[in-house]
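Paired with subunit B in one complex and with subunit C in the other, subunit A is shared by the two complexes that follow.
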Partner chain A sequence: MDILKKTKEILAEILDIDEEEIAPETYLIRDMNAESIDLLELAVALNSAFNIKINDDEIFLRNLRPYLTEAKEKQADEVAYLLENFPFLTKDRMTQILDDLQGGPVLKVKDLAGYVAWREETS
Partner chain B sequence: MKLEFSGSRALILGGSCDLALYLAESMIKVNLLPILTYRDENDHKKISNILSSFAGKYETVYLDFADIASLDALFCKIKDDLDFMVDFAQGDIEGLIASANPDDISRYFEQNISFRAKILKKAGRAMLKKKKGRLVFISSSAAAKPNPGQGFYAAAKLASEALYKNLGLELGSRGITTVTLRPGYIDTGRGKAYMQGREKEVLRRVPTRKAITAQEVTDTVLFFLSKSAAGFNAVEIAMDGGLTAGK
Partner chain C sequence: MDKIKINTGLDGFILVDSISKIEDSTIQGTKDFTRAPACLGIESLAQLGALHVRFITGFERHAFLLKIIRCKILETGVLTGKYLLDGTLINRSGLAFSYRLRAQKENEAQIKGEFLYATVDYDNRFKKEKLKQHYQKVFSCLQSGSKTGCCPKSRRDCTEIRLK
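Our next item is the complex of A and B:
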């Protein structure tokens, strides 16, 4: 199954928008105004569609900022520390995320697809 | 009034208590499929004995509020396929707050509040897949008006009511709704045991001077599960003959 395509289909249905408007670089919250109930539905739908276990905190990068604070307190390499907690993201993507934090919630469609692919590989 | 239902699969927590078994019978008669939880073999046998004439029309599943693995196994067994849930489960504890054992307090709240929240998380997500679901929590008039010695019981009921209420608030837009029923003195189970030998004294406090019957409770729960009750959500309803309405 094409993970990105299926993820876009699911998002389009939950958020009631055209699939064509959704790209890998689209932000879930900044661009599509996804709310917490939408994210919950999304987690349930991804679990159902791909038959994988979803950890909501991981896939939605919920504890990104607290982990970043931890990394700073421990004087650890920030990217490496965050990748330990979000192993489905690449080093490049994590660097992008850190540069992008000021703009608001960083979660993009491609991150969801990355999570699904990682879960499929590791399960 | 003929009741109609959206779906058929009904998980009954605390499935071996008398009220749950009455409800299971009533459900079978209206073509619902009760799935009753049991905590040990004795409970399992009780369910099998009482529902012996309904073989094949109900299911049983193990669930122990002290065993998180049993919760995962339950939802695996029922394949997340759930239309209704009715929650009778409640651990028994009675004692004055100032004399309680600290370990018992922690265990009681872990099992009767935290574990219930974990059940609601699982049930809510299972129902989200179907975009519909109805949950009924059986609370107690003790939530509003506890007797001395019922502090922990009342606290657990109130906390659980809050969880059910919020689930209905949070998922109502997705077709998943909740109702809490607060029965008063019931002439079965623990209520019957409590009233034994002091029925008149107990019922003098109830404006109707009557205990609630098991049939009345099960009829009411069935109504709350039906399409006719779709307007009720995130609400607590007293069914106590007026016990908690006055001073």
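Our next item is the complex of A and C:
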């Protein structure tokens, strides 16, 4: 199954938007105005579509900022520390995220697809 | 906080009479209706699903109905008689749970649908020390088939407990 395509289908249905408007680089919250209840529904839908375990905090990067604070307090390498907690993201993507934090919520469609692929590989 | 009394025309908020069977991903219960509108059947199913969510999360989190994804009412008019309620957990994440729920009478589904629930940590509004014990007690009473046993004084008191 094409993970990205299926993820876009699910997002289009839940958020009631055209699938053509959704790209890998589209932000869930900034661009598509996804709300917390949409994310809960999305998590269940991804579980259904891919038959994978979904950890809501991981997939939606919920504790990204607290983890970043922890890394700073421990004077740890920020990217490495965050990758330990979000192992489905690449080093490049995590670097992008850190550069992008000032703009608001950083979660993109490609991050969801990355999580699904990672879960499928590790299950 | 003062008690708030709401006249719903019902004898309480609990619209499940008993829990007859419960397992990791399924729950069954009953509800005896007397000339009830179909919307109360939907509420019964919603409550049954929420009971299962609380059960599988060990009553450690506050559970609430997030969305009715789809629902079909096959019986028009009023609900009367004993209905078998059943639910199956079909999908879940760590925080959200999707159920297929059904109300059957005489082996025919009269209401069926897919209900989505979410859970949150107890907090200042949803106090753990009060709600956890309350829902455990309700659950225990429904399992023993004694709904009135949940509310020693009267069913109306149940309403007041939930509104405090």
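As a convention for this text, the second predicted complex is superposed on the first by the 123 of 123 C-alpha atoms of A that agree within 3 Å, B and C clash if a C-alpha of one lies under 4 Å from a C-alpha of the other, contacts with A are read in each partner's own complex, and residues count from 1 in each chain.
One rule holds for everything that comes next: a contact is a pair of C-beta atoms (placed from the backbone, for glycine too) under 8 Å apart; a residue touches a chain by one contact, two chains touch by 3 or more.
Predicted model only: the values in this text are computed from it and were never measured.
By the document's definition of touching, neither partner reaches A:Thr122: not subunit B, not subunit C.
In the superposition on chain A, no contact is made by A:Thr90 with either subunit B or subunit C.
Once the two complexes are laid over each other on the shared chain, residue contacts for A:Ser48 go to subunit B and to subunit C alike.
Contacts of A:Thr69 after superposition: neither subunit B nor subunit C is touched. With both structures placed on the common chain, the touch criterion links A:Leu40 to subunit B and to subunit C. Between subunit B and subunit C, more residues of subunit A are touched by C. When the two complexes are laid over each other on chain A, subunit A has residues 37, 40-41, 43-45, 47-48 in contact with both subunit B and subunit C. Partner subunit C is touched in their complex by these residues of subunit A: 37, 40-41, 43-48, 54-57.
For subunit A in complex with subunit B, the residues that touch the partner chain are 37, 40-41, 43-45, 47-48. Interface residues of subunit C facing subunit A in the complex, by the touch rule stated above, are 66-67, 90-98, 116, 118. Of all residues in subunit B, only 125, 128-129, 170-171, 173-174 touch subunit A in the complex they form.
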